[in-house]
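Each remark here refers to the structure printed beneath this line.
To keep things simple, chains are lettered A, B and C as they appear, and every chain counts its residues starting from 1.
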Amino acid sequence: MRDVLTALMAEYALLIDEDRLEEWVELFDEGCDYRVVTRENVEQGLPNVLIWCDNKNMLRDRVESYRNVNLYNLHYDRHVLGPLRILGHDGPLWRFDVSYSLFQTTLEGESRLFSVGRYSVEARIAGETAWLEKVTVIADTGLIPSLLATPI
Amino acid sequence: MRDVLTALMAEYALLIDEDRLEEWVELFDEGCDYRVVTRENVEQGLPNVLIWCDNKNMLRDRVESYRNVNLYNLHYDRHVLGPLRILGHDGPLWRFDVSYSLFQTTLEGESRLFSVGRYSVEARIAGETAWLEKVTVIADTGLIPSLLATPI
Amino acid sequence: MRDVLTALMAEYALLIDEDRLEEWVELFDEGCDYRVVTRENVEQGLPNVLIWCDNKNMLRDRVESYRNVNLYNLHYDRHVLGPLRILGHDGPLWRFDVSYSLFQTTLEGESRLFSVGRYSVEARIAGETAWLEKVTVIADTGLIPSLLATPI
């Protein structure tokens, strides 16, 4: 299972980094849930959510809005993910955590740390393929929510 | 073997990052050896060791001291580990290296690079489980030794 | 295949970080191609290449030049690589991508982010071993080409 899930997350990260967001959406199942929260809010039990799409159509809409607002790409993203902690499964539905570091580079070529945190993921495996059912991005770094932002 | 050892190191990193240090200690064997050194000292052949616990009880004591000193968590840790270089094994005892990057985030949500370096590890495998026998953290980054510090 | 290719890239990164560049060269095949380009140039369709060795002897020469110029190591490198995206294969020749973060540490122990980007790789697998046929480093970060530079 580790190989299939690792491949899924490698694809997740590289599709965002290559600005292929429409293909990134296709990694998700129709009834998916994608949200971005801060670790601070999670640990204080606060309900704040920075981004929340509770199905694939919302995710598609978000990417479309992003495309309409951003005629030009303003930076490059680069995700470097750690190894998966596989927590268990309920039939074909697997739960796991992955730590991430996310760097941004300006068009002038200057790179900086943008965000670190953890993905808490549920994915459904069928044979050699897997789909994302639920991705919760728990960012250690405080983030400014924005329509302009690429997904994490 | 790669999967079992990778799972062990994913757990190692995430337990520290979640401040579950008592569970982190349980990844080690009773006769374990945990130490933190700087790369500079290693390359110059100097014997300086910043932290050294040569059995599991010392590791337990260290975590307990840390708990007594730090009533409140002052930052969030985030480890992002690279892939394992597996060096070989002597029966069930496997040796491997892993590079790490370690970021810290203040409670205000500002993240920065804290340390980079390498784990040199010996782990004992039994079936699908593995225990840490020896972990040497070789930090590229110069570090200030402190009772207050979380493990790396 | 994932394990063999992951082991290859772990070795690639750690050999550079340990300044064992002569052994790093031995990961490549005789007819190999190693080049470093910037993402900006790739996306603009520009032909600029910062480093280009189109066979193993050129790679050997480059390392030798580096050794002659640098009597002392001026910094420590540390690569942290993400999981592989395996794209496919043509017989024993496999293509994959890997994101990297590269940190440098001065001899005084200060670490900083040096470069992020992606390796686009072709490797030939024979049994449990693999050789690098083509490595293109596509750096998000703008880089100053220099004879003094270690490989990425």
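Operating definition for what follows: a contact is a pair of C-beta atoms (placed from the backbone, for glycine too) under 8 Å apart; a residue touches a chain by one contact, two chains touch by 3 or more.
If you're wondering where the values come from, they're calculated on a predicted model, not measured in any experiment.
Interface of chain A with chain C: the two copies contact each other largely through different residue positions, with under half of all numbers used appearing on both sides.
Rounded to a multiple of 5, the Cα-based rotation taking chain A onto chain B is 120 degrees. Chain A and chain C, compared by their mean Cα positions, are separated by 27 Å. Residue positions of chain C touching 2 or more other chains, listed in rising order: 80-83, 101, 113. Residues of chain B touching chain C in their complex: 2, 38-40, 80-86, 97, 99-101, 113, 115-118, 140-143.
The touching residues of chain A, when paired with chain C in their complex, are 3, 6-7, 9-11, 13-14, 17, 76, 78-83, 101, 103, 105, 107-113.
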